[in-house]
Structures are given as structure tokens and as C-alpha cells.
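We call the chains A, B, C, D and E, going by the order they appear; numbering starts again at 1 in every chain.
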């Protein structure tokens, strides 16, 4: 049988990749997708745990996570469109009018 | 009781009236002051009669300060000493008030002048009547204040106001000693009343001694020395005499009343008031005697060469005060007080007379611009000579009796008595010399007066000359009340009168009258020779002084510049110890260090903030990164916390 | 032990004294006309003054207890009560506050032309706050007033002040705030240590552990030392004084900086006698430094107000010296000196204000020879100068002498050094007076200087009278405070305990910081 | 055993495509790698007997969200980043940091103890798994379910409101 | 039928406050289609009515204490207290918005709907009994606020603040989710009560547990703007429409503290030993960053942003103190803070008017002359934020530090008071500029009944609470039932 820790470690690795992605890439889409990576890492955890704990809560949580992710993506993309419209750029490091 | 209280109150009333309503009373203000002072004089006389039979009045008016064990009353102790002082003060004060009516006529500060003068009288009376140290200190500082105000009376003159401040501050240095003395007295004896303290002197408290600068000093001595420091300030003794010559900036009546007759003698009075304390401490007594003797000579030497008529008299005053302390120092308290009394009269006379001269010469004070005045202002001339003879100590003038009593007690006192005596004699010689130098320069020889001044030289009005004559009379006669046993046995009224309150330190034994007579003769001769020398120098061949001056240039200039003491004090204390240090402390200490630290902290925080703004770059990823960093650090804490 | 005398009168006198000014300032909100505002404000300050009459008449000076007591529950959850009362110490300052406030309002009559209404509102609020500080018998309430006072004072300096007012105001506020917030922690610590009570009287009887006292005393000390102000935390005072409007300076010098010393008397000494004893040498040294140092600073000043400000540092040095002599003479002298300083320095600032209003310069060099032009003013200034240099017959002398006596009995060296301050004091004050009043007119602007008018004389007269009353009959003041002060002394002597072993102290520290 | 192999395959592809996604210069490529990743995650879910979730993963994530991304990317036809600017200028730090955080998290997680140990029988509820899931969702988690609906509504409103071309203003 | 209707009502009774808010939001959305652009502000008043209605509903169930919907939803005094704070924040937010939107020319009803949605999200966060509810409530709130922040679509600053907030928000919720997943993996449940019971006899040295806790600290810390997770705050606050900023600074922050309290003093209570140390550290850092950075700001909104960070720091002190008093102090503090901040932003909004931003601190110059009332209000709020008695801000700080000292965290209290002394500088700077500088050209302030009402409410509250805090205090102390 597959040890639970394998799943957890996999998710940890995935989470980390997501985090690093958020830090490093300029392109806002890739930023968002990196965040999705983090969410997916969490999802893997939930599913794995719910499997090993014999409890459905994890799966339920994942459903909600995905729902929220969808809503968030919609809003995010809307804002990106605004930005692209007003600034003609999708590179986050160009959005720094406000600092200090 | 009330009658005694009235003695100071009357002049105070005079002060209030003249001070508050001076604006409306104009010159009539003088009458209020005079009335007050004369009233005080009459009351003092009746008081004098009350205590003539040796009774001592000691009454409290009301409780002034009372905290725990500290309980000070406003109260009067009137004994023979006080009575003498009362008479001296009120007499002189009255006469000088009257004299001033003429002298100050037409001055725009007329009312102010009289109010100050009356206020001075008030404080002086408080000083002499007080029955405890603290109240005495009130009078003590009060007269200081008045002298400050009166020296600076013509405040537009910078020199005048400077002199005023100088007088007050130098006196404060003395008072520093006085205050500490009082603190030590209270902490030792638990009271500040004269009676209480003197009573306790015989007790154990007086025996103790305290550590000071490694050494060990008896409390009584320390008290005495501290009080004496106060006395040197007030009575212009070494090293605090410097203010008195400058005090001549004030109007001449002020010099007469305050800086010759009364205030400056307060030190002498205080020391004799504390005779019981002083006489317990050999050290203190010697100190007093030595300081007195030295001052007597020191001031006289300066007096030899001064050209300002008032300054000459001022230095003679310092020197005469020296004699008084010399007397007190050798235990001849009554002699000291006696000299105080006589001196008050003849020195008052001299000052008023010089005032009359100055008045005649419309303000001229430099003797090099005088001469040949004897016919022009004859009354002044006569009284001036009487005063000078008294000062020089020529028989039978007042000065003779008092000075010789002091010299004799010095001579006959054990220890360094003879040395002190020699100092005294030397001083006597110089005194005779410079006082007649003054007379010759002023009244004899050929006139050196500026011409426009020459025209309106005139004798002073009656209101001024009458007091002069009265004083002259006293200068001649007052000495006789202290007739030494060596001349007429057992008629020393003065001595006997004061006998009950002073410890009997008189060494004059009957069988030694022989020596005493010889000494008297000797000192008179010395004085006469001094006068003769002055005559030969300033009347016979007037070129001689300059030649001597050239010959001993160094010495002459040193004397002329008063040993440069003022300059040294200025450099050391006024500029150095005060202004330079203050400026440095402020510019560096306060602004840079103390305040600098505060502002520095503020600035530090400010710059931190400015720097911090750079961290907030506006890059969203950097924000996320910071979060991540925080996450990592916190997670890392796991290894710390467990 | 001390008790709170309730229902002494059938009306809450102290509350009235606190809230009548507040009421007044609310009333002012609805008045537009400046002249009316002035009169109303003056009226209210006079009402306050009038209330001092029943206060002083009904005060029983034979007992040390807190009188005119009021006590109402306020915040039950924290056992905070609205508790007021005065004893022989605080009553004097309540009266002084009422007097000086009226005087300040009179002084500001023409000096303040801009935003008169706001100014008067600030003044009245300030008065309420100050009286609150002196009457509060609940630590929390005390702190409320203590801090609340900062607001109007800050505005007074900041809005109606001189050219550099911004710096001065913020410096004043921050400086005092830093001190007080630490005291706040101290107050909370006391509250916790004493079993959740803010009642001053209860706390007085509570014995705090030795180590605890050491720490908390320090916290309180900082707050009070800044207010006094003691060397080396005095630098806010010159700036604040120089920039503040006349009224502000009078209140600041007259009342505000007294609160530090009052705090020592009311809280530090009774709560932490051991700490007080332990810290006494250090505080004595600081006081002596303040005396000499302040005097020296005064010598170096060219600015009229700054000079007086530094002289205040010197004088307050005397106050702390007396208080921490911890004997009757010292304490009573210190308290009297607080009053004196309030009167004299208040009057000095009044004098500066009077002349500043005419010449608009504070540089001493711009004066000189004005005695000829303004005799009344010169006389007034002279009297105050003398009182400030402690000439016998004036109030200053009594205070300084009794303090020196107390200090001398406590330990001689301090008194000896402090006495030098008397010489210096005479020096700089007379020099100041000489430079201002004497000599010939140097500045043409002073040629047509107008003498003090009736209003100004009326404002100055009470102070002059007080100078002499206290000078000639100080028992009037001492009599009021005797009972309370001796009670305080006795209280300290009873409470003081011997220092515990080091191990004990260490364990205390550990327990305190869990 | 076979499961292990399958898991390892999935894990390998997931990590690989994650890394590719993060490092691709062309966003469209990244999106495609993301798609790949989602598919394998779905596979993982199946391996864990969460078939329904696998389906949701595919439909919602791959089918909806990702397509939306793709759509927008193309809509804005973002040109690929220049080599210099692919990563922002701190990337070496970030790399180091990445290793650090990975180390920490993985270390902690691997040293962690989970009550659910591997020994037991995994759930075999494939057939009525969905049913019980539904029951759970509509009874126990009713409130969250309702909230989710509001969340979606907000998302909808927000998207529309923000993105729609301004009529006027 | 009616019976069913009855039990339906009864069944949703615990949650009807939320239901009301959401319903009103929906009504607003629908009416939005029919209302003329000029009269959109009626929707504002409508939403306000909704809030009041919800408040009434909550008032009816006051004192109720129980878990509903199988433990996913808690209705207890704790949540009730916070709900009132949210109503306050939202109500004041709406009041300050109505006029502001006119100026900004935002004529859209969604605005109010979103505010209501956000509020409902907060309410759910406060009464979440289950990580899932918590997560969804949080996301609901966050999502609405993202949109509100970006509401000025044509304004670059607004867009930027929206995207920054969204990216970082999503990032932090990613971290939170991971933490939650681990927590779930350990305890086998997402129910807070369940987690508590699990932790009661769990091995607390388990690294994963620690990891999970940290991740929750980070993500909640992000919501309450605790350093070093605060960096979004200044930018987002500056960019967002001022009315939204006001709402943001009051609502979500308070909600964040509700969650922090619920999780750390209730669910993760057994971990208190660890969490206290960490939170104390964060508190110090937060106070330092907030107060020091605020000193050098020139934009009033940024300045208030940093000040809100600083205040989060003070509240964290109370959280670190823990225990009933600690919790109560935090609750009292955030409530007072919301009031003061709302007031301050209200005054800032008065300065905003078409043409000029009125956001620079220098724009306040001479306000004390040109508009006495506004200046006086600002003065009150500034002194209150500084914590000078007798104003509410002091009471809040006092309780916080009192709790800290009682918990033995004397050092923390000392640090706190020192920083609050520093904070005096930048608050007083505003007052200085208002009263002590001359106006740079007189300007008219834009005011309106709604704004006036909002300011009146907050200033009255600030003064009354300052002088007589007893009632609010007792309410807070009574409301910790549910997390103790």
C-alpha cells in the first residue's frame, strides 16, 4: 500500500513549487496558476487524508476549494483584463504606482 | 511692647508713604520719611533710657515660621548693645535724611530716594533689634537690598548699576556663609534664638566637632567662621571688601549713612552680638583679629594714593572697620563697638562734608581738580578738619579714644597681640597721612578747579550745613563717654554700660596704666608725623609726590590700581567661573549633549522610517516574498521552541 | 490611617470645581463675539476662584484626612471609582490653580486676538484637568486627568505660540507622554500587585515587595521627573516656555510642573517608601545638579523667557531637594517652595508677557533703561525678581531656607552645594533686571513704552500680595499642610522595611516577569 | 505494489509538469502544462478512490478555469517574456529560498506523525461514494454549500461588473 | 404548507441575520436594474435598512449560545458581539460611501450589494464552527473586497490595489488551506470543537501540528495586517476608493481578529504556550513597523494604513496575553478601533471632491480655520487613536496593556506603550497641520447628511466610550463565552 507520507511529501513539493512560482514569475497568469498549484497541493492532502481517515470531509472541502478557485479566477481575470486595458501590461512588476 | 515694635515700623510707614505716593507728594515725600525716622530716633532714646539700668527686653511679636522643631518668631531683643546701635542708627539716619533734603534737591528720583532711605533705616533697625538669627538675617539682607538700590540710584549710569549688582552679589557670597552658619547652629543647638543658642553654648552640644576636608573642626569654631564670612561680606573686609569702593557711585548721603556709618558696621555688630560664640573659639577670634588688622593696613595703603575724594574716604572706612574687627578679635568687644560709634559720627561727617565739597564743585570728585577751597566753603572746611582729626586719632577728638582702646587691648592681649598692635600703629600713621593729604589737596594749595566750575562755587545751604555742625560737635565730644582708665579712672561710661552683655576679655589692668599712657602718646605722635608728612608733601613742595611716584613707579601703580584685585576677581570669578563656564555648559552641555541626545533619538527614528519606506517597493512579488520569509522564519522557530 | 471624609458639605464642591470650567467651555462653543467670550471665560474662572472660599473655610487643617470626599462607582469591572478629596497638600494647589487661571485669562485679554473662543475653551479645560489631577484619589482617574491636560496645553503652545511653536509643542507632548506611558504600566502593575484596586488610600496602606517597589518607583519617577522637570530631562521646558503664549507659560510654570513634585508626594513616597529611601541619594544629587546647572544655564541666556525657564529648573531643583530630604522641614519647605515658584515664576512670566505684548521681542538686549519709562512695571518686576532670588521678607526666602534646613539635617554636603545656588540666583536675576530696567534706553522702540494698565496691575497685584503674605506670615501656608505632612512622614517611617537578601530579590524579579 | 508504481508515475509527471509550468516562457505553454498537471492530479484522485472529485477536477479545473485562462491569455495575446525578464531580478534569492522552504516543509511533514497509518483498508465505496458524498454535502455542510453559492454569485457579479466595457463614465 | 414554512423559519432562525443581509444584497442587485443612475444612493439607504434589520434580528437572539447545522455554524455571544461590530462597520461604511460615490461618479448598485456580501462573509467567519465555513466566509468577504477595491475601473490606482490584494489574498489563502489540510489530516475533522477535543490529548510536539499552526498564523496575520504579512496594506488602502478603504480598515481586520480569537484561544487553545510566544513576537514587530513607517508618510490614506497596522499590533498584544481578559481586551479594542478609524476616514472623505484627491496630509493645512467642525472631529479621532484619555482609544489600549501585565507580559506592555508614545508624533502632525499651518487657499468641504450622520455617530461613540466604557466593557467581557 502507498504510505500516506508519500502523498503528503508530494503535496509539500508541489506547494513549494507553487510558492516559488509566485515569487519568481512576472507574468500574472503564471502567478495565478502557481497559486492554483498551491491550492492543488492542499487538495491532494485533503483527498489523501480523507482516504486514509475514512472520512468524506476532505473531499467536501476540496469541492468548495475548487468552487472558490473558480470564482476567484473569474474575478482575477476580470481585473487582469481591466489592467491590460488601462495599462497594456500583464507583468506584475509594472504595477507599482503605489509604494513607500 | 508696641513702642519697641514702632521703632522699625515708623520708618517703614515713611517708606510706604514716600514710595507709594511719591508721585503725588513730589518733594514733600521727604517729610514723611524724615518724620518716620525722627520718630524712631525719639523712641530709641526712650528705649535707651529703659535699658540704662541694665535690663534686657526680649519679646516676641508673632510666630513666623514653625515646622516641627523649627520655630522662629518675629521678636525683639533689646539690650545695651542694641540700644547703642539704635541710637547710632537713628541719629545718623535722621541727620542724613535732613541733609539729603538739600543735597538731593531737584533730583527726579527725589521721592524714590527718601523711600529707599527710610526702607534702609527700617531694615537696619530690624537687624539690630532681632532676637534670633533668622530675623537678623532679614534685616541683614534687607539693608543689602537697599544699598543695592541706592548705589544704583542713578541707574542710567551703567557704572552705578554695575556697582549695585556687584555689592549685592559680593554680599551674597558672605551671606552664603551666614546661611550655612545658621543651618549649622540649628542642627547643633536646635534653635535660632540668640538667648537659646547662647544658653546652649555651655551644654554638651557645643563640645562636638565635625569632620571637614579630612580635618576635624569644633562646631563652635566652624559656626563662628561661617558667620564671620558673612561679616566680611557686609563689613567689606578682606577678601570681600571689593564692593565698597565702587559703592561710592551712589549719592553721597548714601555713602555716609550706609557705606560708612551704619550698614557696613552690621558685620561688627553681628560679631559682637555673637560674642559668646566667638569667645569660645580661639581660632575664630584670631582669624577675626588678623583679618581686621590686615584689612586695616591693606586698605590704608590703597587710600594713600587715590585721587577720588570719596574713594579715599571709602578706603579709610574699610581700614577703620578693620580696626573694629581687630578690637573684637582681641576680645575688646566694647572697644570695637565704641569705635563703631565714634566712627559712625566722624565718618558720617567726613562723607557729608565731602558731599558738600562735591556739591559746591557741582559734581567734581577728583581732588586733582580742587584746591584752595578753605576760604570759599569755610564751614565745610572747618568740619572737615574736625572729622579728619577725629579720624587720625588726635587727642581729644573722638577717634583717639576708641582707636587707642583697641590698640591697647591688642597690645595687651596674649599671643600675636604685639604684631597686631604694630599693624594698628602703621595703619594709624597712614590714616593720618592720607586724611590730611585729602585736606591739603582739597582746601589748600593753589586752585586747580576748571574755570566755568570756579564761578559758582558756593557754600551749601543751611539744611546741609546744620547737620554737618551737629556731627562735628559729636565727632569732637562723643569719644569722651569712653574715657580710658589711663586718663580718668572709672569714668568709662560706655564700657560700663556695655559691660553686662560682653564676656570680660578686657586685659587692661590698673597697674599697667603706665605703659598705656606711653603707647597713647606714641600713637598720637605717629599720627602727627603722618600729618606733618602730608603737609610737607602736598603744601611745602608739591612736586615731590610726583617724583616719588616716578621713583617707585611699580609700587605706586600697584597701589593706584588697588593691587589689581578687582581685575583678578573679575577674571577668575565673574568671567571665568560664571560666564565662560555658563556659556560652555549651555552651548555644549545642554544644547549638544542633553538636548542633542533627545533630538538624536527622534532623528534616528525618523531616518529609520525613511529607510523603511524603501523596503516597501510596490512590487507585489516582493510582498509575497516577505510573507514567505516570515513563514520560513516562524516555521524555523519550531527548532527553537521545542 | 488616612480616611476619606464624605458628605462634608451638602454639595459636591470638588466636582463643581472640576465641571464648572467644562460647563463654561461648552457654553463658549455657542458664543461668537470675542469680547463676550472673554468676559464669560473670566466669569467662570472667577466662579472657580469663589468656590475656593468655601473650600478653604470648611477645610479642617487639624486632621490629615482627605476631605470634601466624593466617591461614585465608575467602571465596576475594574473597580475604578470616581473618587475625589483634598488634604492639606493638594488644597493649596487647587487654590493656586484657580487663582493662576483667572490671572492668565486676564493677561490674555488683548494678547490673544486670534481664535479667542478656542483659546478660552482650552484654558477652561486645562483648569478642569489640573484641578482634577490635584483632587483625584483614584489612580485611574488621576491618570485620565494627568494625560487629558496635555491636549489643551499642547494646543495652547502649538496654536497661540511663538514662531518655533510646532517644535516646542510636539517636544513638550512627546517628552511628557513617554514619561507618563511608562507610569501607566507602573499604575497597572500596582493595580495588579495590590489585588485589583486603584484606590489611592488603599494602595497607600499596601506593602509592596521590595523589588517591586524598585521597579515601579522608577516608572513613576520618570513620569514625574519629566514633569518637574529634573536634570537631565528638562530640555523640553525652555522650548515650551519660550514658545508658549503668556498664559500658557504662567500655567505651565505655575501649575503643570508642580504636578511632578505633587506626584512624588502623593504617590511615590507613600506607595514606595523603601524605593524612595533607596533612591534618595541619587535624587538628591540630581536635584543639586539641577540647582547649580539651571542657574548656570540661566546665566548663558539672551532670551528673557528662556532665562526664566532655566531658573525654574533651578528652583524646582530646590523643591525636589526638600521633598527627598524626607524630613518635616524639607517636605514642608518643598511644598511651600512649589507654591512660591508658582507665584513668583508665574508673575515673572506675566511680567514678560506684559512687556512682550508692547515690544514683541523677548531678547533681553532689546530692552534696557525701561525703568525710566515704566516705573510701575519696573517696581513690579523688581519685587518679583527679589522674591525669586529669595530675599528675606519675600516668599522665596522662606521656601529656600526651610528646604536648605531640611537638606542640611538630612545630609550636609547637599545643602552646602545647594546654597551656592543662592549666590548664582542673585547673580543672574539681578543681572537680568539690570539689563532690562537699568541703563539708558538703547532701543528706540522703547522710547514711548506704556506703563502697566489697570487690568495688568489687577492681574499682577494678587501675586505681589501673596509674595509678601507668605514672606511675612508663612505659617498661613504651613498651618494648612502640617497635619498632612507629618502624617506622611509618620506613614513612611512606619511602612519602610529592610532590604531583602539578593536571592529574595532575584526570585521576586522572576515572579514578576513570570 | 502496482499502486506504488502508478503513484510514482503520477507524482513524477505532476512535479515535472509543475516545474515546466513555472518555468515556461510562453504562457500558453504554461497553461498546457497546467492542463497536463490537472489530469494527473485527477488520476491521483482516482487512485485514492475519489472518482467524483477526479471528475470535478477535470470538469471545473481543466474544463472551466483553465480554459478561461487560455481564453484570456489569447484574448490579450500576451507576447512571451524576453529572456532577461522571465523571472524578476531577485530570482537567485528566490531559488535559495525555495530550497529552504521546501527543505523545511518536507522535513517537518516527513517527520510528522499522522494518526491515519497506511496499514488499513482504503475505502471501497466507489459506487455509492458519490451518494454519501452528496448526502454529506446537502445535510451536514448545508451552510457552506449555500455560502459557496453566494461566493459564485459574487464572482459572477464581480467579473461582469469589472470586465464589461464601460457604457458611459 | 404553512407548517413547513414555520419549521423552515425555525430551522434557519440561528442564521437569519446572515440570511437577511444576503437577501437584502440580492434585492439591491435586482433593484439596481430599475433604479435611475442619479438615485442609486437610495440603494445605499436600503442597504443600511437591511443592516439595521439584521442588527435587530441579531439582537433578538442575543445571549443564545449553541452550535447549529451539525456544528458548522455557531451562534454564541462571541459571534454576536462581532456581528454588531460588523454592522457598525458596514453601516458607517455605507454612510460615508453614499456621498463619496457621487463625487467619484460611481453610479452602480453593486457597490452596496458587495458591501453587504462582504459583511455576511465576516459574520460567517465570526460564527464559523467549522474550518470549511470559516474558509468560505473568509473567501466571500475577500472576494467582495477585491472587487470593491477595484471598483473605480478607470483608475489605475484602484486596479492596482485590487490586483495586489487579490494576488496576495489568494496566496495567503493558499497557505491557509495547506495549513487546514494538515490540521484535518491530523485531527481527522474540520470541526473546531472536534479539533479542540483532538488536541486535548494529542502529542503537541508533532512538527506537522506546528507547521499547520504557523500556516494559520500567517494567513490570519495577513488578514489582520500583522507584520511581516502587512505589506499589502498601504498600497491597497491607498489605491482603493476611500470609502472602501474605510470599510476595509474596519471590517475585514475585525473579522480577522474574530477568527484569530476563535481559532487560537478556542480551537488551538492547547497550543497556547507556542502560539503566545509567536504572537507576542509578531505584535512587537507589527507595532514597530506600523508606528515607525507611519512617521514618514505624506499621504493620509497611507498614513492611516500604517496606523491600522500599528493598531493590529496592539490588538495582538491582547491576543498574546490570552485568557478571558486578553480575549475581551482584543474585542473591546477592535470595536473601538473600528469606530475611531471610520471617523478618521470620514473626515478624509470630506476633503475628497471632484478635481482634487485631497489625500495629501498637506491638504489639511489650515483646516482648523477654514472648517472648524471638521478639524475638531479630526482632532478628536487623532487623539483617540493616540490613546489620550478621556477618549475611547485610551480605554482600549488600557485594557490591552492591563491584560498583558496581568498575564505577566510586562515587557510587552512596556514596548507597547513606548510605541504608542511614538505614534503620538504622526497623529499630532495632522493636528499641527490643521491648526498651526495657514490654509493654502480656502476650500469648501464636501459634506452630506449621511457623512455628517456617520461622523456624529463615531465621534459621540468615541467620547462616550472614553468617558463611560462600562457598558461596552461588560458586553465584551460577557461575550467571550463561546471561545473560553
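Here is the rule we go by: a residue touches a chain if its C-beta (ideal position, glycine included) is under 8 Å from a C-beta of that chain, and two chains touch if they have at least 3 such contacts.
Bear in mind that the values here come from a model prediction, so they are computed numbers and not experimental data.
Chemist: Which chains make contact with chain B and with chain C at once?
Modeler: Output, common partners of chain B and chain C: E.
Chemist: If you take the mean of the Cα atoms for each chain, which one ends up farthest from chain A?
Modeler: B
Chemist: Which pairing of chains accounts for the highest number of C-beta contacts?
Modeler: Of all chain pairs, the one joined by the most C-beta contacts is A-D.
Chemist: So which chain is the furthest away from chain D, centre to centre on CA atoms?
Modeler: Most distant chain from chain D: B.
Chemist: Between chain A and chain C, tell me the centre distance in angstrom, where each centre is the average of that chain's C-alpha atoms.
Modeler: 64
Chemist: Taking the mean of the C-alpha atoms as each chain's centre, how many Å separate chain A from chain B?
Modeler: Inter-chain centre distance comes to 97 Å.
Chemist: Would you kindly tell me how far, in whole Å, the mean C-alpha position of chain E lies from that of chain B?
Modeler: Chain centres of chain B and chain E, defined by C-alpha means, are spaced 79 Å apart.
Chemist: List the centre-to-centre spacing of chain A and chain E in whole Å, with centres computed as mean CA coordinates.
Modeler: 26
Chemist: Taking each residue of chain D in turn, which ones touch at least two of the other chains?
Modeler: 88, 90, 94, 97, 101, 105, 108-109, 112, 114-116, 141, 144, 148, 151, 154-155, 158, 161-162
Chemist: At least two partner chains per residue is the criterion; list those residues in chain B.
Modeler: In chain B, the residues touching two or more other chains are 613, 616, 618-622, 624-625, 628-629, 631, 635, 638.
Chemist: Hey, what residues on chain A touch two or more of the other chains?
Modeler: Residue numbers touching two or more other chains: 8, 15, 18-19, 22-24, 26, 31-32, 43, 48-49, 53, 57, 60, 64, 68, 71-72, 75, 79-80, 82, 92-93, 95-100.
Chemist: Every touching chain pair, please?
Modeler: A-B, A-D, A-E, B-C, B-D, B-E, C-E, D-E
Chemist: Could you pull out which chain C residues touch chain E in their complex?
Modeler: For chain C paired with chain E, touching residues are 74-78, 115, 140, 143-144, 147-148, 150-151, 154-155, 158-159, 165-166, 169-170, 173-174, 177-178, 181-182, 184-185, 188-189, 191-192, 512-514.
Chemist: Tell me, which parts of chain C touch chain B in their complex?
Modeler: Listed in rising order, the residues of chain C that touch chain B are 171, 174-175, 231-232, 234-235, 293, 296-297, 299-301, 327-329, 332-333, 369, 371-372, 386, 391-393, 397-398, 401-402, 404-405, 408-409, 412, 415-416, 419-420, 422-424, 426-427, 430-431, 434, 437-440, 472-475, 478, 482, 486.
Chemist: Show which residues of chain D lie in contact with chain B when the two form their complex.
Modeler: 88, 90, 93-94, 97, 100-101, 104-105, 108
Chemist: Would you tell me which residues of chain E are touching chain C in their complex?
Modeler: My answer: residues 368, 383, 388-390, 394, 398, 401-402, 405-411, 413-414, 417-418, 420-421, 424-425, 428-429, 431-432, 435-436, 468-470, 473-474, 477.
Chemist: Which of the residues in chain A come into contact with chain B in the complex?
Modeler: Interface residues on chain A, with respect to chain B: 19, 22-24, 26, 31, 92-93, 95-100.
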